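Each of the next two complexes has chain A plus one more chain, namely chain B in the first and chain C in the second.
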Partner chain A sequence: MNSHAKISRRNFFARVGQGAALAASGGLVWLYLLKQQVRASPYAIRPPGARDEPDFHARCIKCGQCVDACPYDTLALATADAGIPIGTPYFVPRNVPCYMCEDIPCVRACPTGALDPALDNIDDARMGLAVIDIENCLSWQGLRCEICFRECPVQSEAITVEHHPRRLSKHAMFVPLVHSNACTGCGICEQACPTQKAAIRVLPPELVQGQIGDHYRLGWTVDTPITRDFNAGGGATGADTPATGLDYLNEGPL
Partner chain B sequence: MDLTRREFLKSSAATATATAAGITVPAAALAKSKQADAGVQWDKSVCRFCGTGCGIMVATKGGRIVATKGDPDAPVNRGLNCIKGYFNGKIQYGKDRLTRPLMRMTDGEFDKQGKFQPVSWERAFDEMEKQFKKTYQDMGPHGVAVFGSGQYTIPEGYVMAKLMKAGFRSNNIDPNARHCMASAVVGFIQTFGIDEPAGNYDDIEHTDTVVTWGANMAECHPILWARVSDRRLGNDNVKLVNLTTISNQTSDIADLEIVFKPGTDLAIQNYILREIVKNDAVNHDFVNKHCVFSTGPYDIGYGMRGTSKYAFDAEKDIQAKELVVTLDADEAVAQRRKPGEKVKQNNTKKPVKHWLITYEEFKRGVEPYTLDFVAELSKGDPDEDLAAYKQKLQELAKLYMDKNRKLVSYWTMGFNQHYRGSWVNEQNYAIHLLLGKQAQPGNGAFSLTGQPSACGTAREVGTFAHRLPADLVVFNPKHRAFSEGLWKLPANTLNPKVGSHITKIMRDLEDGSVKWAWVQVNNPFQATANANHWLKAARKMDNFLVVSDPYPTVSAKVADLILPTAMIFEKWGLYGNAERRTQAWRQQVNPPGEAMGDVWQGLEFAKRFKLKEVWGEQAVPGLKAGGFEDGKLPDVLAEAQKMGYSPDDTLYDVLFANKENRKVKWPDKSVAKGHGNHIAEKLDDGWFPEKALFNEYRQFGVGHAHDLAEFDVYYRDDVRGLKWPVVDGKETQWRFNEKYDSYCAKGSGFDFYGKALKALPSGDLDKVTTPDKTSLAHKAKIFFRPYAAPPEQPDKNYDLWFSTGRVLEHWHTGTMTRRVPELHRAVPTALLYMNPDDAKARGIQRNDVVWIESRRGKIKAVVETRGRNRPVKGYTFAAFFDEGVFVNKVCLDVTCPMSKEEDFKKAAIKVYKA
Partner chain C sequence: MNEGNQTTKTGPDGRPVRPFIMPSSFTGKLRVWRYLLMRRSMQLGILLLFLGTVRGGWEVAGRPVLTGNLSSSELFGLIPMADPFAVLQIMLTGHLPLLEVLLGAALILGIYGLLGGRSWCAWVCPVNMVTDLAAWLRRRLGITDMFRLSRNIRYTVLILTLILSLLTGVAAFEWISPISMLHRELIFGAGLGWIAVLGVFLFDLFILRNGWCGHLCPLGAFYALVGKLAQVRVRFDTPTCTHCGECARVCPEPQVLNLREAATAGMIASGECSNCGRCITICPEDTLHFDLRHLIKTREQPDTSKFHHRRAA
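Take a look at the complex of A and B:
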């Protein structure tokens, strides 16, 4: 496979592009680049420890030292055609995933803290979040695949398998599920996925994650013993509160 | 260390994942989970919405509900909630929450034509009292009325029932639960002699077969349906059958879906009964020991008015059927008569009477219900192949008859809201009794309930026009005497004349026979069928209407006085769910502004009446009862004085804050645990009304197979409700089954010990032949009830069926759920579900706005031809939560003549582009 060479070549062009951009940084081009970053960056899968996008862009000087430090040539600097702000480091998991080096050389190499030096355990990295297309995932159809589960470096935490009944036959299905509390976004699952196009993909979490309302707890996740000595204070608004509902009550047809 | 919210979510997700995957959670992660909610105070409570009765935990901080969760210790739901339940924490905080009493005023005086203005509670009660006393003096106890609720807490229902019946001597109190399960009650009382189900929700895990009849459990009892679905998944021996008129989400997981024509459920039931007889699948031992056969009159009308005086012109053809019915071809076969025969409806006044028949007569009754007859009559989908449909009916009968199969039948509004609602209830018991599949784990006919305390309050406390607590009734002199004893009332204080049911209260407002009414915990002007009549009656007639509500509703809008009312977590309360489980909660926060609980409103109003104003002689037109002068309630003041009461004592002192009840002190040392009680504190009389009144109320049931535990028991940390009868501290799982129910006679095996209607004359299918009464103590009745056609059916002009009902996302008239922005965003309006071919034939596209027009009115709605409900050709559906699409302006106020419950499911409409 010549992806290594290709990436190196891209690497070269990227640095040329970066140089040109810096040379021409009379303002307008730089502004153009910043605008492009704002528009395009939600889709980028960044190296481990990359800060939130605005913060990351404020710090990243596109020096390429993380790319150089990566022993697997996972990382590249974006070229103009990458759909990602030019010169910023990123990776395409389906080509080369992050292998989760324990010493995290890319972060150590970053001179500006765009990759947060506080990241000292690669399991805490959140490069992205794996998402399963259950319509095309073979395991969700009942085939015994579960490659993603078995290949996952945080196996049984980031990806688990549940056993679901399969009404079409007497066989149980082994369906993979991803858990955001443990998934680092390394992309090994995406790279390994055996379907023609990967049925598990790494995406930036903010593109895919919802959030349960603050007003609710999942019943079985937190212990909530009945309060022994209840404090009933607070909250009373008492008399002379303004009357509400009058517009509805006094106006309009029945 | 304070956790950020992100960390909290992360750590709670970790425990969830670990639990799902069967991994032990590291201690550190658990500790982190626990810390996340530091500073909030948790307490157990109950979901505000449906009759399922899910347990929840409620978190407060700084006098505000900050969170809820499903209670993992609650046996009903084990920590889960549906999407309505998920929003319990938000329902109290709608922007237009009412905080002040509002009265229609002009120039500082009450004026029926005036605009609402804020007034003090004192001023509000002054006007309410003045108007009440005027009407009471002019018209007597039945000139006033209360629209009660299946969402009353037990103490609320008890206060209002006692105030009306013992205080004002009026039986004109009836709950919206009449619209919900009155037919189920008639079914229970006539079949078993005692109300409420034999079984419980654990039947789901015990059974092999679940048959739903007119119950979209997937949307309307979502958490129970999750239990049923779990039973079905991965267990191919378990079968689910959905009988419905509209294909819905409950059909999605069903093994067999039977779409039938509205009203023909009765014929299908009789087909099953006939199959059981023909195939000798009868459990003769069970039937001989524990059952008798019975029937009643057919000519009972449809619960409409007997006069056309108040009908709109377009309604008169349907109203005429109340007097004379011309039998159609199917009815003729089903009732063994001639097609076209004109049948005078002679038993509209006594539809509930019934008599014993022999098994041979019963067999003769079901004989006409052959597969061919019933299949042609009942097939709902015009495009379905008749042979395929027949096969489905056969399959259904086989499932019922299979001796190796346990079977539970569930139903709700499709049965109860039915012009023969009581009959279809009874026919399901008939099937189960004939097979001996009743009152055993996994075997039984089970009536699901709509409202959170339709059972616990409306039925058990007896906030109906004919009921007293614990299945007692006002027209039974022994029951009245017992109640007068317990309530320490002079003899003949209680009124023996049954009051107006909820639809009749509306009719009374329209014809001027009720002139003062109080609406509590419901929204009847949106929720009652044929609403145009009642809206007009509220605004145009000379009457005074009080509405207690937390929010401005349709009913509030047509009221004269609005009282701002506390909501669930702002007060102490208890609810009783569909499986006889009584559950309790404490007040968590104070109500906003000047809002006050319904218990307080009732008690404050009681303070304004002296005995001499209500316990003197009272006129009750139409009263006729042994020991009473016609049309009159006697003066009982002299007797009252002998009992130690003074004519100047108030109803508050006599009925509520009496010597006994004042011994129950507030502040409470046993269960309050620091929680407030805005009602006790505002009364400031040193007593604890909810506890005192609950403990007084429970005396009605103790020793009478309705035993409730003491108040404090329900508040114990380790109790998550108890299923009555609670005997020697033990709840009852399956009633009438000796193995589980201590009320059964020793050695009986099964004992249908209910006491009501247990001595009957005998006869044949058509009439009584032997008036002498036979005792049928300890037995249940197997009824024969013939098919009767719906009074209104599609015709050339109104060519489509229309049914209303619910969606999962909204509760009843949307008063609470439409104030939750997320639910409103998800389902902002009620859509008219129709078949795509029907739409096309009318030049209507999906999302078009259309007029829906019936004999009674017309409304606008958006058409939906896809999605959750998939009507076959000729059928339409729209939910009733949306006051903007006011479906009850279109619905028909036909009722089951026995239960007086309205049939919201069978109106004829036409639909055209707006």
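Take a look at the complex of A and C:
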């Protein structure tokens, strides 16, 4: 009787061990799958108001009510093979960009707050940041394209056109410049770009945006005796003062 | 069980045991299939409402009919509904979701707390159609189980879901759930999510009977716990039962049909019963019926003494 009790006790512990091992190994595989999924694609462009990725991943219940609410069929839920964290809403700007509805119906539809309800002005959305491939941008070839500038819904703030000297010619180039303090990442520029593959693209800001950091100081912005002396003469403190001699276009041959 | 009598088996009170015979008439068949047809209409109808709203822009009085999916949805743009298990996982990641989804989860929790937790499984869940097909096929093909697995393993998966949600900061089951994958891709566009569903189908067909829904699914486990005190239950009228065992043969959760416990309680009390109604329509003695728990409890209990000396078939 005593030995029988011992064996069954040993059996009991063995069974507990087996169960624990099964749960632990299953749990580890599961954990691995989750980690893989979460980092599936850092390139996903999210609907307006989407919180930072870890926060967004935690909150999004994958219900697709934002997709339902979008009047332009911009948004889609990631399928199992999309390479984007499964079930989460995203959009591909080159196909259908975000048209920046003023009432932001997708954010209103979100039941969990994965899209932050505090976003009440669509201009404050930061879905991504447009970046320009200047090797393929038509404007940078000296053509007068500027389509992105003209299509931009935050015109003259998110994209401005700057003039840029051109080699071997008197004519300046008029090139687009994106300003991160105003670009919402809607992707209308990317969709409008006439090159075969878009030369202006929207990407998550954290993938493309650098940071100067605190260890650099732009000397001319700091008020010291030296900079005061330096600025005293012409008062040229930056690019605000027009450069001289631009009227040469009207003189001599082209 | 019936030693000494080879030709006609008899039940506990000496009445002959009759097998279930499928009626030959169409209306008779419809009667047997009535809950099955209702369940399929419900499952497909819900899918259709979601699909029509997102694809067809269905509206009633200018309001979208049913937006979202089974994870979280809104009826007529007014009534929020949400999967309480998904919301629980989100809350375990350390995020308090908006009031809307909390109310939706509370509503669904209340509904299934009354209707029987796992009614969700049999009447709403789209994977149920897949696993029922697998179960039907394996019965046809006579496929036996590869191994036995405890049906309680689903509660371990349930606990794992909660622990992993806590550890990883994402709703652990929602990220791998074949239910959500199937449902989402049916409504919002198909990808390779059907592979997960195929996996469930093959597992159920070749490896283990009711393998997914009856052994592994943590959502089913969650609803089994939710439905522990559910109102809608299958009533068990002891005097007419002959222990023929037909109910246990069709039941996807046969452990709930412990007839001794059922006789004592007057009903199938286990939360694991999904209220699918198969046992009700197959019972040749008309012993089983849907009823409300408190009506069963307040009704006079029949004499159950004759059940105490023998086990269910």
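Assorted remarks:
Just so it is clear, the second predicted complex is superposed on the first by the 179 of 254 C-alpha atoms of A that agree within 3 Å, B and C clash if a C-alpha of one lies under 4 Å from a C-alpha of the other, contacts with A are read in each partner's own complex, and residues count from 1 in each chain.
Heads up, the rule we're going with is that a residue touches a chain if its C-beta (ideal position, glycine included) is under 8 Å from a C-beta of that chain, and two chains touch if they have at least 3 such contacts.
These figures come from a predicted structure and were not determined experimentally.
Here chain B and chain C are compared by how many residues of chain A each touches, and B touches more. Contacts of A:212 after superposition: chain B is touched, whereas chain C is not reached. Of the two partner chains placed by the overlay, only chain C lies in contact with A:117; chain B stays clear of it.
Touch criterion met: A:156 reaches chain B, while chain C stays clear of it.
By the touch criterion defined above, A:81 reaches chain C but does not reach chain B. Once the two complexes are overlaid on the shared chain, A:224 sits against chain B while remaining clear of chain C. After overlaying the two complexes on the shared chain, residue contacts for A:69 are found with chain C alone; chain B is out of touch.
After overlaying the two complexes on the shared chain, residue contacts for A:102 are found with neither chain B nor chain C. Of the two partner chains, chain C is the only one touched by A:55; chain B is not. Interface of chain A with chain C (complex): residues 19, 23, 26-27, 30-31, 33-35, 37-38, 54-55, 57-59, 61-65, 67-69, 76-82, 85-87, 109-113, 117. Contact residues on chain B toward chain A in their complex (touch as defined above): 5, 9-17, 19-21, 23, 30, 33-34, 36-37, 41-44, 57, 59, 62-72, 78-81, 86-87, 89-90, 95-100, 102, 115-118, 233-234, 236, 535, 539, 551-552, 554, 556-558, 562, 586-587, 589-590, 592-594, 672-676, 717, 822.
Partner chain A is touched in their complex by these residues of chain C: 53-54, 64, 67-69, 71-74, 80, 82-83, 86-87, 90, 93-95, 97-98, 100-101, 104, 156-157, 160, 163-164, 167-172, 174-176, 180-181, 184-185, 187-193, 195-196. Within the complex, the chain A residues that touch chain B are 156-157, 160, 162, 165, 167, 177, 179-182, 211-239, 241-246, 248-250, 254.
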